[in-house]
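Just dropping this structure here.
The first chain written gets the first letter, and so on, giving A, B, C and D; residue counts start at 1 in each chain.
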Amino acid sequence: MENRIGNDGIKNVIECKGISKYFGEGANKKEVLSTMDLSVKENEFVVILGPGQSGKSTLFRMIAGLEKPSTGHIYVNGKEVTGPNPVIGYVFQRYTLFPWKTVMENVEMGPKLKGVGKKERREKAQYFINLVGLNGFEDAYPHQLSGGMKQRVGIARAYANDPEIMLLDEPFGQLDAQTRILMEQEILRIWEKEKRTVCFVTNNIDEAIFLGDRIVMLEGKLPSKMKKIYNVDLPRPRDFTDLAFLELREEITGETELAL
Amino acid sequence: MSKILEANPNTEVLEGARSSFSIKKILYNKYVLYVISICLFLIVLDLFAVLQVFGNFMPRPIEVLTTLINMTVTPLAGKTLPMHLWASLRRVLIAFAIAVFIGVPVGVLMGFSSVANAIISPIFHLFKPMPPIAWISLAILWLGIGEASKVFIIVIGAIVPCILNSYNGIRLVDESLKDALRMLGGNRRQEIIEVIFPASFPAIFAGLQISLSMAWTTVLAAELVGAREGMGFIIVMGMNLSKPSMIIAGMIVIALTAFMISMAVNYLERWVCPWKTELETTE
Amino acid sequence: MGENKKNMFLKVLSVVSIVALFLGWQLVVDFGIVPNTLLASPKQVIEMFIYKISNANPDGAVLWVHVMTSLQEALTGYLLALVIGIPLGLAMGWFVVVEGLARPIFEMIRPIPPVAWIPLAIFWFGIGLAGKVFIIWASGLVPCVINSFVGVKMTNPVFIKMAKTYGATDWEIFKDICIPSALPMVFGGLQVALAASWTALVAAELIAADTGLGFLITMGRRLLKPDMIILGMMMVGLTGVIIGIIIDKIEKRLVAGVNK
Amino acid sequence: MQACIQKEPKVTVNNLTKRFGNLLVLDNINFHVGNGEFLCIVGPTGCGKTTFLNLLSKLIPPTKGNICIDNVEADPKKHNISFVFQEPSCLPFRTVKENIAYGMQVKKFPKQLMEERLQKTMELVGLTDCADLYPSQISSSMEQRVAIARAFAVNPDLLLMDEPYGQLDVKLRYYLEDELIRIWEEFKTTVIFVTHNIEEAVYLAERILVLSNKPTTIKAEVKVDLPRPRKFTDPKFIEIRKHVTELIKWW
């Protein structure tokens, strides 16, 4: 509670204190994440950058309350995380849409679980479906959509539940390069319109620099630790060919290990 | 050079253009081959029959057809062919209903509760390797030669896929879908209603499908031993009367019924879970 | 810790469940709740087992002969099904002409339950080995063909494209790409075919046989000896499981040879 | 356009056109690739790139026009054409070494030559240590390198590459791109490299063809005469990159 207000007077929404995570016991014990401190400010766009299998998803699952940290504490809005909390909207890497529900039914799921009336939740869902640019696809089933569209539904579904914090776990990892760039622009557009605190996991350096206010770089090997934090103060929209962009990229690239 | 290319017949085959009459192309057409295949099959059968390769026990296709038509109108053992078919179908449906009624809840229970699973699964695995047909003797001993013993055997055959698929369906629900619902604020009850049941439904339905075709196979076996009506009875009669055309006519009806059952179930599935079947047709 | 304890508890529960089943069964017979003419107790079944090891009465053959007869019939039919079904299925999967010619006939025969072949098989091949082998062959053939066919059809199209760009002929692609790709699927079919063959065997022996496990069961009914019926059933189950395990072992070794 | 070609043409594409039914996908494409040239092709999403490549590799026949290698109609059975696919294309049931040898086996290379080239390519790509591993035992970037080694091993007249590094992270991509250039310089192979990534195209190519949206035509040709190794932050590099980006955006 004590230092929820950062030096700049903006409150910290997420605070991770000395968290670590290991799986298994005894000889099989495998540490995935070791002593990490991280705080995220309100309406900040933080990108967690690390190669595959570096415990990024585990970190997110702990913040979301889907898993418990082995040591340390996580606070969201000053309260310790004990279980899944709808204050957090989670967008999964593998889309995880409910395949038996249409786009509309998927998006309105959050309000429906809370017991919001049909008319009201439809309106809300419609707003976010329009926001992600899927109007006209309300009655389509997930398997009828392309990868990019599926992830739009995932984003709309998370937003429709009125989260204060969005966790995006490598949301564009399965998209092709072109769609990916398009979706990166989209996520910024949506974020500008519906400001939330966003945490975004990726292994793509371009993506990290294009999106983030702050880039938290993780160690490549397990157990992963925080390696470095970069503040990205380039104006948006950022340009992939901008010299400052490229220089920052070179700097970050220099820090990463080559994983053949 | 481009002229030569345009005239290349190979180009046309791959393109599927309309206007070329190469013999190779016609011979490579699947449907043409299908027709050739069926014609050849019938001719070979006929030849076998005429040349008496299997003595008198291979009827000519045309004989089979007349027998088939004959049986649909003339009663055999007091019943026409459709009535025999219905006798078998009725047994199948009763037994299937019982198998579903018992098997699905048991499988679901095993999927949800590890304690129930620990109690039931060893017994289930003890009985599973015994083919349902092996129960015939015991069933007749216990329930006599009437309907009850036949239904009993079919239930034994049909219940296995019901239990197995329901159990696996519930157990193997994608964990990340449960996570997704929990992140949206769903509680355990909502998780069961909104995720576990719909997600396991295709697996359970597939179990019913297998169960129904198992039931159809088993009913024939059950009717081979001491039945007075049914499709199994017809082929046994054919054997006893030394009338192979009757056996083959019976087999045709049996095969057609099996085919129709599976078609019907497929349509039903498309109707009850459109989100799954469309996936199969589009990909 | 808690996890281990729970697993232990579940294991004990499984053992208890089996023991209770046999105990209950024994008691039900001992106290005459079910008359001994309808059900034999486990003890009686074991006594019958010991008796049948060395005595040919009352059904004309010792247990060993029954088992061997059944095995001989089943394995002959099964091996014939493999030898014919697998190459046929593989060829159907790749060569249009083979598929076009074989598929309609196969589709006509496929829905016929193997049991329905029994009368014809007896007519054509008599009630000896040949008749039963035919029935078992017919039931084992279907899964062999289907799995090999599907295995080839599922060959990754990229592999085929790759081979084509190098100028491989149709036959070379079939031999070097399609067959190895289909092998795991083919092996999967072996187990299915075995189960089908074993069921068909029992059915065939029930109708027409003078030795074999199915015959033993039938004789038990005719002689009103439930202990013999149950012994027969258990031997069928047990033998089936044992061949299943052996096939599984062979399969694992072969797949290991192919894949790793 | 002719002026741009300095090396003698190895591959010529004449009036290449492809229709599917009434849908015109490729419209009258003409270009040359010089002997040993590294040509990159970039275009917007859905520009019929796959069809284009399938035509070049002769997997599907064109509606009109042709492709000639050394002035002879291209034919996979006569010419050595290699294709590196975007998807992993290593045969899972062959070891790394056997995978690399696959193309040469199809081409019926004599045994001694095959062994020689096998050793050379494996060394160049740095795969000697994992020669006897199966694809499931190596990482996906390794797998892609196996596919590339297999493609170079047959000494192809024409090597087609379909975005082979699409899903890899930047650092790895730099490394593999450098490796690709190294192998290319060693073998002097004629390469057509298709990519969405403009930066990658500028880094690799001697010449870039920019495709238009459907029906696909060649909209522009950009020569890249920067010295190697190239630097992403080089102002000239950025200039070319921006220029190509503009060309693609304009439709």
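Miscellaneous remarks
Here is the rule we go by: a residue touches a chain if its C-beta (ideal position, glycine included) is under 8 Å from a C-beta of that chain, and two chains touch if they have at least 3 such contacts.
The structure presented is a predicted model; accordingly, all values stated were derived computationally and were not measured.
Counting hops only between chains that touch, subunit A reaches subunit C in a minimum of 2.
Chain centres here are means of the Cα atoms, and by that rule the chain farthest away from subunit A is C. For this pair, subunit A with subunit D, the centres built from the Cα atoms lie 35 Å apart.
Mean C-alpha positions place subunit C and subunit D at a centre distance of 51 Å.
If you average the Cα atoms of subunit B and of subunit D, the two centres end up 49 Å apart.
Taking each chain's centre as the average of its CA atoms, subunit B and subunit C sit 18 Å apart.
The multi-chain contact residues of subunit C, meaning those touching 2 or more other chains, do not exist; every residue touches at most one other chain.
Contact residues of subunit D toward subunit A in the complex are 44-45, 139, 141-142, 163, 166, 169-172, 174-175, 196-197, 199, 232-233, 238, 241-242, 245.
On the subunit D side of its complex with subunit C, the touching residues are 57-59, 75-78, 81-83, 85, 87-89, 91-93, 102-103, 105-107, 134, 136-137, 154, 160. Touching subunit B in their complex are the following residues of subunit A: 61, 64, 66, 84, 86, 88-90, 92, 94, 96-101, 109-110, 113-114, 141-144, 157-158, 161. Taken together, the subunit C residues at the contact with subunit B in this complex read 6, 10-11, 13-15, 17-18, 21, 37-39, 96-97, 99-105, 108-109, 111-120, 122-124, 198-199, 202-203, 206-207, 214, 217-218, 220-221, 224, 226, 229-230, 232-234, 236-238, 240-241, 244.
Residue ranges on subunit B touching subunit C, taken from their complex, read 27-30, 32-34, 36-38, 40-41, 54, 57-58, 114-115, 117-123, 126-127, 129-138, 140-142, 216-217, 220-221, 224-225, 232, 235-236, 238-239, 242, 244, 247-248, 250-251, 254-256, 258-259, 262.
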